[in-house]
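See below for the structure under consideration.
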Amino acid sequence: MKAKVHVTLKSGVLDPQGKAVSHALTALGFDGVLGVRQGKYIELDIAETDPVKAKPLVEDMCRKLLANTVIENFAIDLEG
Amino acid sequence: MKAKVHVTLKSGVLDPQGKAVSHALTALGFDGVLGVRQGKYIELDIAETDPVKAKPLVEDMCRKLLANTVIENFAIDLEG
Amino acid sequence: MKAAVIVFPGSNCDRDAATALELITGRKPQMVWHGDAALPDVDVIVVPGGFSYGDYLRSGAMAAHSPIMASVKAAADKGVRVMGICNGFQVLTEAGMLPGVLMRNRDLKFICRDVLLRVETTASEFTSAYTKGQVIRIPVAHHDGNYFAEPAVLDELESQDRVAFRYCDAAGATTEAANPNGSQRNIAGILNARRNVLGMMPHPERLADPLLGGTDGAPMFTALLNAFA
Amino acid sequence: MNQTVAITPQIVAEHGLSPSEYDRVLAILGRVPNLTELGIFSVMWSEHCSYKSSKKWLKTLPTRAPWVICGPGENAGVIDIGDGQAAIFKMESHNHPSFIEPYQGAATGVGGILRDVFTMGARPVANLNALRFGSADHPKTRHLVAGVVAGVGGYGNCVGVPTVGGEVQFHPCYNGNNLVNAMTIGIADTDKIFYSKASGVGNQVVYVGSKTGRDGIHGATMASAEFSEDSEEKRPTVQVGDPFTEKLLIEACLELMATDVIVAIQDMGAAGLTSSSFEMASKGGLGVELDLDMVPVRETAMTAYEIMLSESQERMLMVIEPGKEDIAKAVFDKWELDFAVIGTLTDTGRMVLKKDGAVVADLPIDPLAEAAPEYDRPWTPGVKHPVIAASDVAEKPWAEALKALVGGPDGSSRRWVWEQYDHMVMGDTVQRPGGDAAVIRIHGTAKGLAATSDCNPRYVGADAVEGGRQAVAEAWRNLTAVGATPLAITDNMNFGNPQRPEIMGQFVEACQGMGEACIALDFPVVSGNVSLYNETNGQGILPTPTIGGVGLMPHVEASVGIAFTGTGQALIAIGAEGSWLGRSLYLDVVCGRDEGAPPPVDLKVERRNGDFVRGLIREGLVESCHDLSEGGLLVAVAEMAMASGIGANLTVSGPDLHAKLFGEDQARYVLAVAEGKAAEVLANAEKMGVPARRIGSTTGSDLVVNGEAVAVAELKAAHEGWFPAFMA
């Protein structure tokens, strides 16, 4: 099945990439950009087909590797 | 309003990051990782409140800055 | 002094570290491939700079979870000195051996240039050959050197005298302009609580040979050597 | 199945083959090709792979010297640097891909040139990059600069090869066609150099590296086709680089090369598996049979056509003896890279490709290579421009002019660029970027290599013969200025559409000028690359033959930089007094006139003056040295001052002070020497018949000319400020 993982910076952690994007958008003439946060989007294809088992498995992947929980949160969506 | 943008590599385009993550997960003992693709997730806070106007605006941002449409696709979700 | 340099796939300052170690200590370090099961019995372990696993996902993240790092951690717990330079610092934070993380540089660009550092503490076997407050010139070469930790962690580092180096100007002032990457409180290098693990973004091994334009990095290795004299 | 696709004239045209070329295909095969075969012809006969427009003229370039081990024709050139070691180097363009996708285009350009060098057994030790962008005020330029520089750095930094030098220029002629020329230098033992010539019928053909995907299919033909407005819209596939895999590939190849397993090896560059297998077999006079089902692929249902034309990066093809696969495989397993035996060498002289048990292509190798088109395209000589007398050029106050020159797009510091490149990794960088040539220590020895890249396209555009001479001479001079003995060059010929006689004329004349300079300076061409059709909507670029020069230092610690090393030193100018303002930066930037004939290059004088300067440096008589190029004497002195923060006091007497200060006459240098040595240096010069004169001293923190002062700090602010402000 597919697992879609969003890794985002915790609020309060400065996001230089988001800031730069916001800056660049304004420089390009896009007014009204109030804020930008940039994160990662990871799509996993896993052999596990049971969502009940897949959830903790992917959580474990996130904690061990995909996210650095000092600064990042993660969210998982499972699909078919 | 909020715009959530997913920028992903077009299918067929090499994804070195995804490849390496997949490798690393397997090395960590996670069996059954069949594939990994890594993309970007960007949250924009924009002043525009009308979704009908916001959509083309964010599309324009994607084309001009957030994605390189030679190798990347983008998808936009608007919220509240 | 017996030293080892860990080599991950994608490490690329491993040879530089070995060259500097040999130049100053007179002894070739052992190069340890990440896949090797056992760590040799050494006094100092260097986790070198470079792009382990391409720095994909997050710098140092994948290397931090490689089996050899468990041995490095165990060795550090027994008191072996561990020095993480640049990517090595990133690996040590990702492995939880040092607090905080190294985020993308403030200006988002890779930076390679000499910077000035103020030696914040000489109470470690890495920094004892400098004087406190001394301003030294060492190169940085990184994309992700922006040190971040929660304020409480930073306060603790400071109260325990665990900040090893800060970015500063020629007068030793830790100004914003002297901070190349946006690091919190201008931090360039830190120690663990036991003071036997050091992580730093600048590359002391790159200025240890006068031919390369300076020797301000050499005292780091001399200090280690002296610790085992 | 593609075997059944009908080959229509339209399909032939889409493959970039002219009707007469297609007739040749039919004659060779005696039948209609299938799609896979047509694709193979198309890439093998593309400009990029066959050099069909340029070959005739490239052959005229001098390629020999006693120290040349291998000249053009292999993956890279090889020169002897003594003590059983060789320097292996080449420059290559990635212009079109970098315009479409600046980051990945530039990154894969670096990856490709690295492979050309390590495929020959060399450890890459230095990268250079010559970049040319449209005018600074063109709306696309900043975006291209940002992406290209990040891409060059992203790849080189990750593989851990220092990027030590290069050039950056801006000119409106590159608005629609930027140039990205990447150069790599490697070092190998002379008895461990690997070539691409296959040998040994029955030997195994082995594929290593990354898997094959559908990327960059038709990349080679794209690189040879003129751009039109809508190619930006069409956005053809470009490849994505994986520098991490490249780093593993370098280590794995070098590890295997230390054994005796490899018979021949060739990287898969443009036209991927097709050109690599074809060239290896063709050089060895053999045939090759490949089983495409064995090729590691990363996508499903790839056709033979796609597998053969894919330009996926980080792949190599090797020939090894049967029975030695296990040794090779163990190395690639350790580095976690793909490894597959995909075929064998045969004595049939044919390339036979099989897929799903059936033959999907069967082509004769020699006829295809020999019948490759070679054109003697019509050309017209360039129009000569009048010589502009100094007295016809407005004289502006020198300080104002100097600030405009060192603080503008052309003359400003490139620090913003090279600080994004790791120029110190490998721990051997002795002269960092910012000087005339980079110098790296040859690891573990006292010797050094110097490297530079140079071309002044405005000179070449005005007079391609003179400009070709000048580009080679300037590279030679930059190597000399650090104290190195120039040994050989690689060239990257970037031109417009060769089917236009005036463009072809530029090519022919540039080759002539370059060749003359190579001979006079003992500075042969050992490798190179041609990039044609750099045109958009009929607007061609200025002719740009980028020269990458390599030199040797017996004692690397004797090298000198441009920065003043102290006050109270004598400043000595070597060479004629400045007089030539035609095509100078002064005329262009200060007077707004890009006009006239460029400065002539007297190659005898060039050599005499350079040999003299090098001798002084080697004797330890020189504290710092800078050659004079764009901006002439005063810009050179200002650069020496800005690099150090130390000022200088100069006395230069008029008339035509502007020509004396800013003239771009060739074969000139400025030296800073200890006061006590000045007399000796001047006496030596007189003995050797080299014009030399004392022009002043290093002193204080101002640049003073005939009593009028400008603070070096003020110049430096302008010089260092332009690029960051432009990119902010």
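Order as written gives the chain letters A, B, C and D; numbering starts at 1 within each chain.
Going forward, contacts are C-beta pairs under 8 Å (C-beta built on N, C-alpha and C of every residue); 3 or more make two chains touch, one makes a residue touch a chain.
Quick caveat, the model's predicted, so the values are computed rather than measured.
Visitor: With contacts counted as defined, which of the two, C-D or B-C, has more C-beta pairs across the interface?
Guide: C-D
Visitor: Roughly how far is chain C from chain D, going centre to centre by Cα mean, in whole Å?
Guide: Once rounded, the distance between the two centres reads 35 Å.
Visitor: Please compute the C-alpha centroid of chain A, do the same for chain B, then give the distance between them in whole Å.
Guide: That pair's centroid distance is 10 Å.
Visitor: Give, as an integer number of Å, the spacing between the C-alpha centres of chain C and chain B.
Guide: Spacing between the chain centres: roughly 34 Å.
Visitor: Compute the distance, rounded to whole Å, between the mean C-alpha positions of chain A and chain D.
Guide: Averaging C-alpha atoms per chain gives centres 40 Å apart.
Visitor: Could you list the positions in chain D whose residues touch two or more of the other chains?
Guide: Counting only residues that touch two or more other chains, chain D contributes 242, 244-245, 336.
Visitor: Residues of chain A touching 2+ other chains?
Guide: Answer for chain A, listing residues that touch two or more other chains: 40, 64-66.
Visitor: Listing for chain C: what residues touch at least two other chains?
Guide: Where chain C meets two or more other chains at a single residue, that happens at 53-54, 56-57, 61-62, 65.
Visitor: By the touch definition up top, name every chain pair that qualifies.
Guide: Touching chain pairs, listed by label, are A-B, A-C, B-C, B-D, C-D.
Visitor: Which chain A residues qualify as touching chain B in the complex?
Guide: Its residues touching chain B are 6-8, 18, 21, 24-25, 28, 30-48, 57, 60-61, 64-66.
Visitor: Going by the contact rule at the top, pick out the chain B residues touching chain D in the complex.
Guide: Touching chain D from chain B are residues 9, 12-16, 19-20, 23, 68-71.
Visitor: Please give the residue numbers of chain C that touch chain D in the complex, ascending.
Guide: Within the complex, chain C touches chain D at residues 9-10, 12-13, 15-16, 19-20, 35, 49-51, 53-56, 109-113, 139, 141, 143, 203, 205-206, 209, 211-213.
Visitor: Contact residues on chain B for chain C in the complex?
Guide: Listed in rising order, the residues are 16-17, 20-21, 24, 27-28, 38.
Visitor: What residues of chain D sit close enough to touch chain C in their complex?
Guide: On the chain D side, the touching residues are 150, 153-154, 157-160, 242-245, 247-248, 334-336, 418-430, 432, 441, 556-557.
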